[in-house]
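Same chain, two partners: subunit A is paired with subunit B first, then with subunit C.
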Partner chain A sequence: MPEIELLQIFQGIATMVASEPTIVAARIALIVLGITFVYLGVKGTLEPLIMIPMGFGMSSVNAGVLFLSANTMGTLFIDPTVSDPLKLMEVLQIDFLQPIYTFTFSNGLIACLIFMGIGVISDIGYMLISPFRCMTIAIMAELGTLLTFPIAVALGLPYNEAAAIAMVGSADAPMVLYTSLLLAKDLFVPITIVAYLYLSLAYAGYPYLVRVMVPKALRGIKMEQKTVPNISRAEKITFAVITSTLLCLLFPVAAPLFMSFFLGIIIRESGVKQFVEFIGGPVLYGATFFLGLLLGVLFEAATILNPKVILLLILGITALLLSGVGGIIGGYIVYWTSGRTFNPVIGIAGVSCLPTTAKVAQKEVHKANKFAIILPWAMGASISGVISSAIIAGIYVTLLR
Partner chain B sequence: MESFGDSVKLMLFVYALAAVVSFTVAWVIKLIFAGIQRQKARAEAGANVPAEAADEPAKAASETAA
Partner chain C sequence: MNQPMKEKKAYWIGGTLTAFLGVALIRLLSPELAGTLGSITVASGYALVVLGITIIACATRRKRSEAFVTIEKNAADRERR
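On to the complex of A and B.
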């Protein structure tokens, strides 16, 4: 019988023994963090749709490191650094998640598929109720996306990386992924993870912001239901076609995002049930699942050891907080200009985490006044927020790429 | 290293441009609505004219009979 070394069999442990202590500590920390994400996802504290696959991917990839050759360590999950075509062909046949990364992730397809799904689940009629009010709120809710940019520059990030992390303020994770892929490819994994992590927490944190900024008497304002006009499918499709064409014309670099979102809306309004079910179900949830899984798998020890990660964590929460504050200020602007008939809580829905922030707004209003229904207006503000975020992403990418 | 002052100027430019484009989108919505409403009103008026025209001979006949 040949001589057997136990560590040769258990290579996950052998690679830890052979690594530097910082790498070992980071791997253990990420395994624990991954398991925590799965636990909090299952428990419902964090968004389960993203956190369960992300956390599981994170713990698995950091445990499953092996010796690829005598001197190199790696995994059989993915190699995001490969660019040479021949090497890529080889890796595509070895690493099991490489095909999904190469063909859907690095080109932004997965973000576009999620955007298409968001389009299918969005009733744009809500936005058409009162477009100028919705857009005022949406633009104010981009405060974090804008103010975080100079803050990040002041903290030492270059323009492209500063813009990529500032996009966390848009509260639209596929948009953050798309922008960071184009502007800061080296940082897209930590930036997108920061975005998803904080967006999961937004549902828990924004209600407190609403309670701090809006007194109970104003939170209970009832919106006039009679003013909701009947909007036909033809009107919605006309709006989607014209707006998408206009925005693609203005910002070709963000055209895939615009096209995907408005295509989703057109499919919804066209009433082709099979497409609606396909894109709103398997496509949306399949893309969300693989996005979470791949982000987790990409979160290796080297990523957490990047000193910029701490900075990204601080800037990410700053961006989301400022956007929430801006959204509520937008709600107040509409409240004053409408003769105090508009519920300012709707402002928080301008932070375009569709439909989470709209639900937060309705929940807070319901607590203050059981008979107040603001969801249609909140959904309108949220959908406007998606559009204004895509516009800002288009401007940033055009100027800074 | 990029300057903070320039980043503030860039931020203001991006904000202003985003606001202009966003409000243009809102204006496009209003324009589409106005166009569709006008078309609806015209179609309704067009539908009422033949109905009124059809009523006229009946009115005349009833007046003659009276």
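On to the complex of A and C.
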């Protein structure tokens, strides 16, 4: 009977023994981090829709490293570095997640599918009930997206990478993915993971920001429901068609995002139930699931050892914090200009993490005054935030690509 | 075209034309112009696009008498019950 080495049977452990200590430490750290994400996702502390597949993918990929040849190590999950067509054809038949990565990730399709789903669940009528207020808040809520860019450049990042990480301030993860794929392909994995991680934390952190910046008396302001106008379907569809065409003409490079978002809105308003259910259900959640899983699988030890990751973590949190502060300042501007009848908490909803920030705003208002309903205005500000984020993404990509 | 849109037709058409005029200035005219004139054309184009969208946004505004009161009405109904 031939001599059997134990490490040959358990190659995941054998690759750890054969790797450099830093890589081993990073792999173990990522396995633990992945399991922690799954735990926090299941518990509901972090967003389960993203964190469960992402955490599981992260821990599995870092555990499942094997010897592909005598000298090379790798996994059977995915190879994001391959670009040669012949090699790609080979990898497509070996790595089980490669087809999803090649055909939906690198061309931005997955971000566009999520955007289409967001369009289907967004009622643009909420924005059209008070467009100027919503746009004021949305523009102010881009403070992080705009200010983080010069900060990142000052800290030594090139313009394209600085713009990609600044987009975290838009709090719109598919948009961050799309922008970073176009502007900083080498960094798109850590940037998108930072974005998703912080967006999950924003749900827990933004309420504290609201409480610090808005006194309880103002948080309890009751909005006058009588002035909510009825926006017809025809008006919503016309607005979506005109705005989408205009934005596509102005920023063709971000046209897939605009098209997807506004198509979702038009499908919703057209009332074709089958499409609404399909895009708002299987497409949106299927894309969200695979986005989380692939991001996790792409987060290998080499990624975390990139010295830029620490910088990205700092800049990401700065961008989100500034955007939150900017949104609330926007809320205050509308509060003052409306004769102190507008609840400034709505400002936080301008940070376009739809519908999370709108829910955060309503929750905080409800705690201060259980009779106050601000959700329609908060949703309007959030939808404006999505549009303004897409415009800023378009500007960054047009100028820096 | 429904009733509210018919009533505010001027806003919808005017806003759309203004915004598209802005796009035409940016995408068609400004590449033909060099230097300061080109920059002024681009800036004017963007200003017209913003103005156009603002005019369209005005079309969705309602007078207080046209207000839609579902939420308040539902709350009142619940209280009565």
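Note that the second predicted complex is superposed on the first by the 401 of 401 C-alpha atoms of A that agree within 3 Å, B and C clash if a C-alpha of one lies under 4 Å from a C-alpha of the other, contacts with A are read in each partner's own complex, and residues count from 1 in each chain.
We adopt the following convention: a residue touches a chain if its C-beta (ideal position, glycine included) is under 8 Å from a C-beta of that chain, and two chains touch if they have at least 3 such contacts.
Everything numeric in this text was worked out from a predicted model, so none of it was measured.
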### Query
Is the arrangement of subunit B and subunit C around the shared subunit A a clash or a fit after superposition?
clash
### Message
After the superposition on A, what does A:Ser83 contact: first (subunit B), second (subunit C), both or neither?
### Response
neither
### Query
Is A:Ala154 contacted by the first partner subunit B, the second partner subunit C, both or neither?
first
### Query
Which partner does A:Leu250 contact after superposing on A: first (subunit B), second (subunit C), both, neither?
both
### Query
Touching A:Pro131 in the superposition: subunit B (first), subunit C (second), both, neither?
both
### Query
Can A:Gln225 be said to touch subunit B (first), subunit C (second), both, or neither?
second
### Task
Give the label of whichever partner, subunit B or subunit C, reaches more residues of subunit A.
B
### Query
Thinking of the overlay built on chain A, is A:Ser384 touched by subunit B (first), by subunit C (second), by both, or by neither?
first
### Query
Once the shared chain is lined up, is A:Glu235 touching subunit B (first), subunit C (second), both, or neither of them?
both
#### Entry: First (subunit B), second (subunit C), both or neither touched by A:Gln274
neither
### Message
Tell me the contact category for A:Ile392 with respect to subunit B and subunit C: first, second, both or neither.
### Response
first
### Offending stretch of subunit C which, after superposing on A, collides with subunit B (from 4-12, 22-30 or 40-48)
4-12
### Task
Please identify the positions on subunit A that touch both subunit B and subunit C, taking each partner from its own complex.
128, 131-132, 135, 232, 234-235, 238-239, 242-243, 246, 250
### Query
Once bound in the complex, which stretches of subunit A touch subunit C?
128-129, 131-132, 135, 225-232, 234-235, 238-239, 242-243, 246, 249-250, 373, 376
### Message
Taking the touch rule as given, give the residues of subunit B at its contact with subunit A in the complex, in rising order.
### Response
1-4, 7-8, 10-11, 14-15, 17-19, 21-30, 32-33, 36
### Message
Looking at the complex, which residues from subunit C come into contact with subunit A?
### Response
1-2, 4-5, 12, 15-16, 19-20, 23, 26-27, 49, 52-54, 56-57, 59-62, 64, 66-72, 75
### Task
Would you pull the subunit A residues touching subunit B in the complex into a rising list?
127-128, 131-132, 134-135, 138-139, 142, 146-147, 149-150, 153-154, 156, 158-159, 162, 232, 234-235, 238-239, 242-243, 246-247, 250, 384, 387-388, 391-392, 395-396, 399
